[in-house]
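Submitted below is the structure of interest, expressed as structure tokens.
A, B, C and D label the chains in the order they appear, each numbered from 1.
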Amino acid sequence: MPFNIAILGASGYTGAELVRLIATHPEMTIKALSADRKAGMQMAEVFPFLRHLDLPTLQKIDEIDFAGIDLCFCALPHATTQQVISALPRNLKIVDLSADFRLRDAAAYEKWYGQPHAAMDLQAEAVYGLTEFYRAEIAQARLVAGTGCNAATGQFALRPLVAAGVIDLDDIIIDLKAGVSGAGRSLKENLLHAELSGGTHAYSAGGKHRHLGEFDQEFSKIAGRPVQVQFTPHLLPMNRGILATVYVKGDPSAVHETLASAYKDEPFLQVLPFGQLPSTRDIAGSNFCHLGVVGDRRANRAIVVAVLDNLTKGSSGQAIQNANLMLGLPETTGLMLAPLFP
Amino acid sequence: MPFNIAILGASGYTGAELVRLIATHPEMTIKALSADRKAGMQMAEVFPFLRHLDLPTLQKIDEIDFAGIDLCFCALPHATTQQVISALPRNLKIVDLSADFRLRDAAAYEKWYGQPHAAMDLQAEAVYGLTEFYRAEIAQARLVAGTGCNAATGQFALRPLVAAGVIDLDDIIIDLKAGVSGAGRSLKENLLHAELSGGTHAYSAGGKHRHLGEFDQEFSKIAGRPVQVQFTPHLLPMNRGILATVYVKGDPSAVHETLASAYKDEPFLQVLPFGQLPSTRDIAGSNFCHLGVVGDRRANRAIVVAVLDNLTKGSSGQAIQNANLMLGLPETTGLMLAPLFP
Amino acid sequence: MPFNIAILGASGYTGAELVRLIATHPEMTIKALSADRKAGMQMAEVFPFLRHLDLPTLQKIDEIDFAGIDLCFCALPHATTQQVISALPRNLKIVDLSADFRLRDAAAYEKWYGQPHAAMDLQAEAVYGLTEFYRAEIAQARLVAGTGCNAATGQFALRPLVAAGVIDLDDIIIDLKAGVSGAGRSLKENLLHAELSGGTHAYSAGGKHRHLGEFDQEFSKIAGRPVQVQFTPHLLPMNRGILATVYVKGDPSAVHETLASAYKDEPFLQVLPFGQLPSTRDIAGSNFCHLGVVGDRRANRAIVVAVLDNLTKGSSGQAIQNANLMLGLPETTGLMLAPLFP
Amino acid sequence: MPFNIAILGASGYTGAELVRLIATHPEMTIKALSADRKAGMQMAEVFPFLRHLDLPTLQKIDEIDFAGIDLCFCALPHATTQQVISALPRNLKIVDLSADFRLRDAAAYEKWYGQPHAAMDLQAEAVYGLTEFYRAEIAQARLVAGTGCNAATGQFALRPLVAAGVIDLDDIIIDLKAGVSGAGRSLKENLLHAELSGGTHAYSAGGKHRHLGEFDQEFSKIAGRPVQVQFTPHLLPMNRGILATVYVKGDPSAVHETLASAYKDEPFLQVLPFGQLPSTRDIAGSNFCHLGVVGDRRANRAIVVAVLDNLTKGSSGQAIQNANLMLGLPETTGLMLAPLFP
């Protein structure tokens, strides 16, 4: 019998992506959907692309009966999430897609998010949700904190390299290109089609982007000493997809071999042959991450390029991958959908 | 045990779309793939988005052993298809995605395609593949001819109306907007990103588009007398999707009721409430067709808008829907994938 | 010595387009710019693409000294415009880009815009700004009301045909495809890149779009009896450009000859050879309108396709063309910029 | 009286862009246009967006009478250009837009372009066409070699920094994002709308892109010792525009001040206030280059972002800027067109 699922925050893109993926997941059934400002509406009104599905009516969170729910996805905005999850039944399994439980250090949270953490007891039990590196903990966890989509992309390119000591830890640059759905369904001038299409720009450059908190935490933990990368995101005229171009100092062959070896049994992480480069077009709508490595003409310099879909492997697909583990299901259940091309 | 499938013409968009859909189809296994000019290559080289799949190496058609194949999809260019299918084993079930067997009348074929039909014996057994209207024949057929993607869209909007006699048969206009993947992976100047993006134009206007052959054949058959629609396609800066705006003379409520009633049990055809209009964004990558009806301010005039994905419901999804019937499987098997949005 | 120009509403797209065009206009100098909510800011902050220009600081309207101003462009939202223009000096030449003075009949205005007209005395002196058809009046006018961008496109395709009596006036369909900048810089969910790109939909179908007020007024005036067209606009994933596909009943050659003859001396209206069709890509950023005519396979039916840039020929370019006439300048002054392609 | 201009290679994008710009240039008249494979055609057939212009019929190069021509733009493919220019009258002023005369060193040319240089005598007199840095030589030159569009972007970001010694010359990374028109009007699968839109990928990574030849030549010349940058271009789903994100080690304030000071009198090079970042949308269709500088959170690291339009400032606009100097005209003549936004 399928597990009963609730999704809080179903009127945003990550919420809708959860519904899209669960629609063909053989072991999950959606029993409750929340969207505070759209309570009472049908999902087909909010997202007509889900019209063919028989879904529960949108509710306010406090109207949901969590009695029969096995697992709850929480796709709410940052900051409010801490309050909401604090109020949920303590036995409920939760996969959170917000940034609220990603940083283990309260000071780091306050630094990057501009306010004190409001649920440090929950933080203590939260497991960082980068599945491929926290499998055992996730399988035992009650609360899993999904990663930032940019943070996931950079980590897939770098974690094995940092761990193996094959690169200079003091000279890592992540130049990242991201599609617009990562910014959510929010009404901002720079997200309008007329403003965004046909051009590109960098933003939050110079060490201002919040996902640096995750990079710092994870890379420093792996290295056993502080690691600070450079990180420059760019907004591209595309809806889905992140491409991270990562500049490292180290032997390109060793870099490639380290990644290929680390990921050789991973169902979703595909390392291309040395010298080949991936495209975001080849992972759109899927839970796959493609990685390529090339050497530079200058000795001891390598370029790692990683691509994934920010809404799938970068958030909602990752969330379901984690939920599968938490529910004792095979990790790939419902997630082997091929990318959509063209 | 799954059925064994061959795909001829796997290096084009409709071939790749077949592979994408079969990748998660529980009752089909791909046993052979052909691509004459790319024989010897792996699909991952031709379409890196399929990299995660374990697929047979591309072969030339005459290298394929059809002995164990249950059903063959033929996604080859128009005109060459007739020769290829003529040479295939006569007991092989075939779903053809080309235009070669769509027109039952040899003269009509020659008129629209500019050359005599080369396999009229096969034509005699071919069933027109618009599933919802030829179910019984398709389930018994050996050879099914997939419809044109534009032709499918227009027919979903019009067939029940023509049959019910609720519209004027002499004054039907189909103004159609199509994405670029319908033109295939062919190297033409007007399909370049630099030429196509950011603008639109009409083409084959005034009764020149070949899909008129299908409209004429089908609408005239239903009406029992000649029906000639007007049809103007436009090319839009989008990859997938067709939107047909159909202008008819008849009572708008009767038009809506006729469609809603005709399609009320159809899993893939969704008629919106009267007055609501569909968007191609809501069906991308899926086998669904959404239909909307509005009345005009002028009496007795209605506008029907139909949307579908040309590569899915318009060709490869339709082909699998037909194959399901031919193999005795539930019609929706493997086809309930939700659309991709955004 | 150049004329002194003021632009009210400089923080929207039509305001910015006026600045773009005047930047290289040899006989106009911008002396004042208003944007109520952005008063005190520089244009370079609101529109960085205008950074290279030396422009006046944005002001509130009531801070502007109109003493030395020769002509004022008013690019404000509908409805508020009537109040604003009522309060301007009565000797000031004004080109209004809003909808507030387009409809001569108070009842028609109220019907389409949902409120009573608040400045009927000004309406009485307002001239409808479709330059090619109101040249003499515009040259003498103090207040010119720019047309709707969709309304302009449809009229360029149809006015000579209605006047010449070569088409059936009771069966005209305008199926229009429009880029997104026509909707302005407003924060609406359906204008987000993630919602708009890669797809299309119809809107305001069935006789609901306000520009029908202009069609009704103008075509009925020309015909000397009521004329009501059908009009269905569609939103396309492109920033600039309108393509109107107009279905008429009449002899295609006569239709083409009528348009070619009517526009043979027009600098901005280009009629293509019979059978050729225009593309919005060929007029982007320019004041040109291209028109094509094809005959249908069914006798006595013609299709007219007209394209223009909604921000240029559809509003701000048209406004400058009218201003040139009002100031006694050659009509094409500053407007011969070539389109931008690709 | 305007100067008489010939354009060789008028059927490509840079050729068309020259025509677009000269259309409103007050001191240039196009007297001859060549396009070997399209000789005999009108430009309006090849580029309908130029339909409003009265242009000479396309000819083969050897049909052109160069007698009355003052200056010839050569927009031909690489490699064939050397032969063509060798055969032109020796007194003709020439601005070449190909790569054939950019590299002063024959060995470097052969290394990057894979064949020996065929016109070293012409190379000897050729001046590198980065206007802002070679003004005096260009004004005296007979043959000017336009720069690569990527090469121009990177140099605008870096030349003053290399010259001033404010950055580490051994650790420069140029991560570049380019629109598709830079690849020309060539029929390649990866340039199709269906392949390119909605995604991004890196190419020629690791030191393989030919524009490195220009970077090496120029930066080494300025520094007085070998300088080798890292350079990774990415193809973006946009038609026009290049954005270069340049990572340097040096004091961010010094970096900004060096650029601001170097460019303070440049009409086309606009340095934004410290901490602000430019967008390609703000320079589309114009001859402007915007530059921004931010400091990283890590000390002594700066990020310089430069944007320009590859077809305008990156090639055809630059070419006209150089031609203006060669003809004794003010450098900005005909080039102050505002960018097109949105």
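Quick note on the criterion: contacts are C-beta pairs under 8 Å (C-beta built on N, C-alpha and C of every residue); 3 or more make two chains touch, one makes a residue touch a chain.
Chain identities (UniProt): A, B, C, D = N-acetyl-gamma-glutamyl-phosphate reductase.
Given the structure is predicted, the values throughout are model-derived calculations rather than measurements.
Consider the two chain pairs B-D and C-D; indicate the one with the greater count of contacting C-beta pairs.
Taking the two pairs in turn, the one with more contacts turns out to be C-D.
Where the centres are mean C-alpha positions, what is the separation of chain B from chain D, in Å?
Here the centre of chain D sits 45 Å away from the centre of chain B.
Report the inter-chain centroid distance for chain A and chain D in whole angstrom, where each centroid is the mean of the CA atoms.
39
Per the centroid of Cα atoms for each chain, what is the distance between chain C and chain D, given in Å?
Here the centre of chain D sits 36 Å away from the centre of chain C.
Which parts of chain B, given as residue numbers and ranges, touch two or more other chains?
13, 181, 194-195, 197-198, 237-240, 278-279, 281-282, 284, 342 - these are the residues of chain B that touch more than one other chain.
Specify the contact topology among the chains shown, as one of line, ring, star, complete or other.
It is complete, because no pair of chains fails to touch.
Residue numbers of chain C touching chain A in their complex, please.
13, 180-181, 185, 187-189, 191-198, 237-239
Okay, in this complex, where on chain A does chain D touch?
Within the complex, chain A contacts chain D at residues 171, 173, 175, 177, 194-195, 197-203, 205-208, 212, 228, 230, 232, 234, 236-241, 243, 245, 247, 277-282, 284, 294-298, 301, 303, 305, 307, 342.
Okay, in this complex, where on chain D does chain C touch?
Per the touch definition, chain D meets chain C at residues 13, 16, 19-20, 23-24, 47-53, 181, 197-198, 239-240, 267, 270, 278-279, 281-286, 288, 290, 336-342.
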